[in-house]
Amino acid sequence: MSGADISFIIICTALVFIMTPGLAFFYGGLLRKKNMVNMMAMCFVSIAIVSVLWFFIAYSLAFAPDVGGGVIGGFDFVGLMGVELGTNPSYSDSLPHMLFMVFQLMFAIITVAIIASPFSERVNFGAFCIFISIWLIIVYSPIAHWVWGQGGFLGAIGCLDFAGGTVVHINVGFAALAVALVIGPREGYQKEPMEPNSIPYVLLGTGLLWIGWFGFNGGSALAANNIAVLAMFNTHLAASMGALVWMLIEYFKTGKFSTLGMASGALAGLVVVTPAAGFVAPVFALIMGGLSSLVCFIVLSWRASSKVDESLDAISIHGTGGILGAILTGVFAAIGAEGAILGNWEQVWIQLIGVAITVVYSFVATFILAFIIHKTIGFRVSSEEEYVGLDITQHGEKA
Amino acid sequence: MSGADISFIIICTALVFIMTPGLAFFYGGLLRKKNMVNMMAMCFVSIAIVSVLWFFIAYSLAFAPDVGGGVIGGFDFVGLMGVELGTNPSYSDSLPHMLFMVFQLMFAIITVAIIASPFSERVNFGAFCIFISIWLIIVYSPIAHWVWGQGGFLGAIGCLDFAGGTVVHINVGFAALAVALVIGPREGYQKEPMEPNSIPYVLLGTGLLWIGWFGFNGGSALAANNIAVLAMFNTHLAASMGALVWMLIEYFKTGKFSTLGMASGALAGLVVVTPAAGFVAPVFALIMGGLSSLVCFIVLSWRASSKVDESLDAISIHGTGGILGAILTGVFAAIGAEGAILGNWEQVWIQLIGVAITVVYSFVATFILAFIIHKTIGFRVSSEEEYVGLDITQHGEKA
Amino acid sequence: MSGADISFIIICTALVFIMTPGLAFFYGGLLRKKNMVNMMAMCFVSIAIVSVLWFFIAYSLAFAPDVGGGVIGGFDFVGLMGVELGTNPSYSDSLPHMLFMVFQLMFAIITVAIIASPFSERVNFGAFCIFISIWLIIVYSPIAHWVWGQGGFLGAIGCLDFAGGTVVHINVGFAALAVALVIGPREGYQKEPMEPNSIPYVLLGTGLLWIGWFGFNGGSALAANNIAVLAMFNTHLAASMGALVWMLIEYFKTGKFSTLGMASGALAGLVVVTPAAGFVAPVFALIMGGLSSLVCFIVLSWRASSKVDESLDAISIHGTGGILGAILTGVFAAIGAEGAILGNWEQVWIQLIGVAITVVYSFVATFILAFIIHKTIGFRVSSEEEYVGLDITQHGEKA
Amino acid sequence: MKKIECFIRPEKMEAVKNALSELNIKGMSVYEVKGRGNQGGMWLTGRSGRYCVEWIDKIKIEIVVSSKVNVDQVIGTIIEKAQTGKEGDGKIFITPVEESIRIRTKERGEDIL
Amino acid sequence: MKKIECFIRPEKMEAVKNALSELNIKGMSVYEVKGRGNQGGMWLTGRSGRYCVEWIDKIKIEIVVSSKVNVDQVIGTIIEKAQTGKEGDGKIFITPVEESIRIRTKERGEDIL
Amino acid sequence: MKKIECFIRPEKMEAVKNALSELNIKGMSVYEVKGRGNQGGMWLTGRSGRYCVEWIDKIKIEIVVSSKVNVDQVIGTIIEKAQTGKEGDGKIFITPVEESIRIRTKERGEDIL
């Protein structure tokens, strides 16, 4: 075990943790004030629920030795039995197994919190809690297993995902889309103004997400080494370029320097670089960040004009940026992996397989799950409750 | 000296630091808007005052070699003389003594800031500053010495306190209670609505406290090793379980998913696990977190219906959770210490002694101190000033 | 390469990063609400622009081997060519060159963001973006080169600047002054009330700046060693003393405990200790913090009564505190350097040279640059736009 | 001169404003208020039975119009845009105004409106 | 119809609302204002002598009542609940209302109140 | 008794208040509103042409004065302090008040003002 690595990954874990409160502010600021506490509560409850389930079962399904076929982990780590303070060489030689486990936990939390997007402003809080509990187990854990788990089949075929582009972003994007389709738009959607209630909160969230992402991507090196440095710098560069490009796009379209655009662009850059962070040279991170803003902007514009009320845009940013990132990782990878620029075009192909499988599984499984809950427990609050706002009706509180 | 440990503890120190601004938001959001700046100012001034006094005298009283009887440290470290850049093996072989000192300083700061609770919305800021200056020296420093100081008597009898359950939480809880009894309730208490002015601020504070607690408990291993990992994960798990349980309790009582309840539960979990973090297996951290929410909820309900206006609930959460944690540490300790589950029931007994002595000393000494200041300088602002709000009258500012 | 150092500096980089979002809140809270988003956007766009330019050219000008005369770096590191994952012994033996580069990048970002001060509430956002792009290259990069660059002439004559008192603070203070003189005061300045719109935001910013400064000064040791510890503690102590002294000054002047005063004092302390952090004993950090508050308070009072509308006081705090710090570093340096207290009065003289050259270059170059932009593109928005507020007119958004 | 005070749902404000603009009624002031109507709030069903949200956010638009303006038309326009048919649509009150002054020019009387 | 505008201490709002509910006066609108009375604010003593807090937060409750309502009883109820006997308790003003319209139904007149 | 409602620029509030204090008019209430005048907002030129900021923040000061007060003098004072000569200076409206009550003492009538 290495003290330096332990020190690094503990702090990276803390940084990934702070992304979820950050997201609470990012998302909360984008909604109408009457639903802001509800959104923040969804993010915070994700921390609580995912952590407890991780302890009991979800970590085991994702990271316990494969039960066959590379599809799911077994029950070896149920209740964190066998997750000791010593190392588990399948995951790291220098970190206590428990540290690897808690670092991974933070990824699961933020993923689940991002999925709050399509639930915003219209959903029964209890039903949301039930949904995420099951979703963690039947969607997140398997996909995490495929890519990162011991024996997972996407990892086995050589699918590159440095820090979770597939597991976290593509997954959550398409899950969010599925949910949005099942539960339908908010009342008054596209008819009434639904302006963000606090840009400063959005920016606070952006700042916290950004710093957290240093831990997310940097920490994914699982050691305090130069790959961590590369990942961290690439992360920053892609976010910066993303912010700049999106802002300029909006400026040329509307004549205004949209601050929200800057924040969205930063996010688009952060998402796209996630699978690539430790594999590509900085110049490609720069390019990926800029490209991601462009592509996500187009998808977002299209989404916003559609009937799909997934208004915090997990699909347009995490989903889209995630796919783009996965593919471009296959193209630009050159450090510790070989992508198309080193002549290995097959990698792109492998990446596409990873994308396709994740998209399909995430979308279909989430759709079915959401559909069942929607038809049984029911997601939507009553029209009156939606009107009054969920802060009062679900939580008895006001922002 | 170890670079890894230095790196780790410097960052943990920074994390503990951020708890106090976090607390400023947690507490500030719970009050009425007209007193929010005042509350935040109390937290920030705690940073300033405690740090300066720590330099001059408080560190010495707490951590200088004992002057006899295990009751108080001497003057060896006055003005930080003798607190060098080399190690002090009494405290750590791998850290510069100065780093140990500043890590401890952050604990003193957050403790003093928590004590702002019973002062909220009714107290002369100058009197508060005087109070905390003396309290640090006559209450905090001795108790810290007993438990952690070189030769302190509670440490000597084997009292287990991993990261400050006794020194920080029990201490501050009962000190807050004493202050509340001395200065009496706010005008209009229990007659007029006194709703929290900003749940988002409370959640921001919760997020910052939570991440800070990773440094608080994790860093208390004083090294980047697997005990730090254990402490950090236990911290997170107890907080998560606490949040979940409290939320569910409120839901079954009122039908609403209180976000404040979630925040309180997280805090209850964080407090209870503090003395136990590096000594117990995760499953016990989980149990402790849940139990703490239950017990703190009951105490808080009782407190809220009483005449005691200690409305930010240092007593119900820090005091109660701290006692529960101290006892359960004696029960569940199994890693690097032996508790009742390993047959060592005496540990519980030792823990109870630690609790009892701390409760009595903290309460009595604080009561006397508060009483003297109350009768001489006077804590309460005039009724008119209280009505207008302390932001304007004490600080000439508005939130 | 050292894992411990890498771990430490990556996290310090993250901490310095968070200073800029922190500054967004610090500055944003001080303005009128109608311009808050604009101010935050200026801070965030600084991140984006500086990072991208750093990649292309600015890092090279500052840190590539000197082209002769110690005045400017060459083009060796353009596009970060040659900035590898291995070490660059000119800067550090234990860190990847890339890590040194990104750590330095964060300094450039926060410096550029601080310069938003004189632009507040009256400037075309596009013109601001153009200004900072050029300023980074023609002012920041050269000065950074002089002090820290390989072959820089101020470094060569032995000018002491531990963490950027000269490069960051003096530089930005006088640049801000120059800008303020060029673009003139806001309409209604000193005639209409312009109260801060959110003290809590200012305090959030203060908290984030403070914790970030641990990375700023601590990380400037470029290793997880005891000098980092010293720097970090000195930072904290100076900030605490600064906060206390400024608060007391205001109290004796106005009878109110100004929270803004506390925040300003903390900043004054943080600034003054920046060049000295790793060179002086804590007691001198304490003295410097207190002294800085006193001096900055006087300068600020004078500035506030003048016609110079540099209302976020980069000149009074960063400029003034920076000069004071540079000089006092020459006086008190005793650890790893010899100042006047060790009899080496020449050091003070060298410091004064550093100060004078920086002040003159920064002021003159910035003045010329600002003047040219002002007369060509034009900085000021129209009187109507200024009235309505920049959030709507520049960004189409509302806080 | 009459003052028309209408309490409407916040989400209808833009629509009402735009419709009034077309009638060439441009001068107006907007207040954020909270209110309750004859039902004393809005009744909802929660896990623990029926409960009442006592205050609902509303917007008050206040328009002072000259006596040359057809008040009924204005009212009709507001109703058309603000109506949903559900409880909580709001109310309009008409009160008398004795004098109007434009600060910029010191002019007085109906013609400044 | 009359409009009753009462400026009261914010902390009395709930009590006033509840008391009015018992009189079956439910429709009302609430504004957050700041104000000053004849004393020109609130005078306090600080370390550096007497000073005045010029604006104090108040709540204005605005109630339009039909002419069948006993206005004096309403006023009496408000006073009973809002009075503390100290300066700053606030004032009540009565103004005339000419017409009321319910947006939901287009009904007009006193009966909608 | 009259109610004087003046919509002014927020930055003029202090000046107006001080000037009224000198006339010994101290009681008043202040509302934060947003409004638009006859221009329908404020027209600006941006990169992509002319556009209109439809709502501008204003302050409404509401002053109920007894009939002994010289309303014209009050109006004159407000205008003097609030005028800039540019569009958006605001308007003043005068409406009748039938009764005033002081909550603290239950006194009624003009003399409480």
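As written, the chain order gives the labels A, B, C, D, E and F, with residue 1 at the start of each chain.
Note that in this section a residue touches a chain if its C-beta (ideal position, glycine included) is under 8 Å from a C-beta of that chain, and two chains touch if they have at least 3 such contacts.
Treat the numbers as computed from the prediction; the structure is a model and nothing was measured.
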{"item": "Chains contacting each of chain D and chain E, listed by label", "value": "B, F"}
{"item": "Matching chain pair for B-E (criterion: over half of the contact pairs shared, by residue number), options C-E, A-D or A-F", "value": "A-D"}
{"item": "Gap in Å, rounded to a whole number, between the CA centres of chain F and chain C", "value": "44"}
{"item": "Centre-of-Cα separation between chain C and chain A, whole angstrom", "value": "34"}
{"item": "Where chain D and chain F are represented by their mean Cα positions, the distance between them in whole Å", "value": "19"}
{"item": "Sequence positions of chain C contacting 2 or more other chains", "value": "2-4, 7-8, 11, 204, 251, 254, 256"}
{"item": "Numbers and ranges of chain E residues touching at least 2 other chains", "value": "31, 46, 95-96"}
{"item": "Pairs of chains found to touch, sorted by chain label", "value": "A-B, A-C, A-D, A-F, B-C, B-D, B-E, C-E, C-F, D-E, D-F, E-F"}
{"item": "Touch list for chain C against partner chain F, complex", "value": "34, 188, 192-193, 382, 384-385, 387-388, 392-393"}
{"item": "Residue ranges of chain A in contact with chain C within the complex", "value": "2-5, 7-8, 11, 15, 195-196, 198-200, 203-204, 206-208, 210-211, 214-215, 218, 223-230, 232-233, 236-237, 240-241, 243-244, 247, 251, 254, 256-260, 262-263, 266, 282-283, 286"}
{"item": "Contacting residues of chain F [partner chain D, same complex]", "value": "2, 6-8, 31, 33-40, 54-55, 58, 60, 75, 78-79, 82-96"}
{"item": "Residues of chain F that touch chain C when the two form their complex", "value": "11, 14, 42, 44-46, 53, 56-57, 88"}
{"item": "Chain A residues within the chain B interface of the complex", "value": "1-4, 6-8, 10-11, 13-14, 17-18, 20-22, 24-25, 28, 36-37, 40-41, 44-45, 47-49, 51-52, 55, 79-80, 85-86, 96, 98-99, 101-102, 105, 125-126, 201, 204, 391, 394-399"}
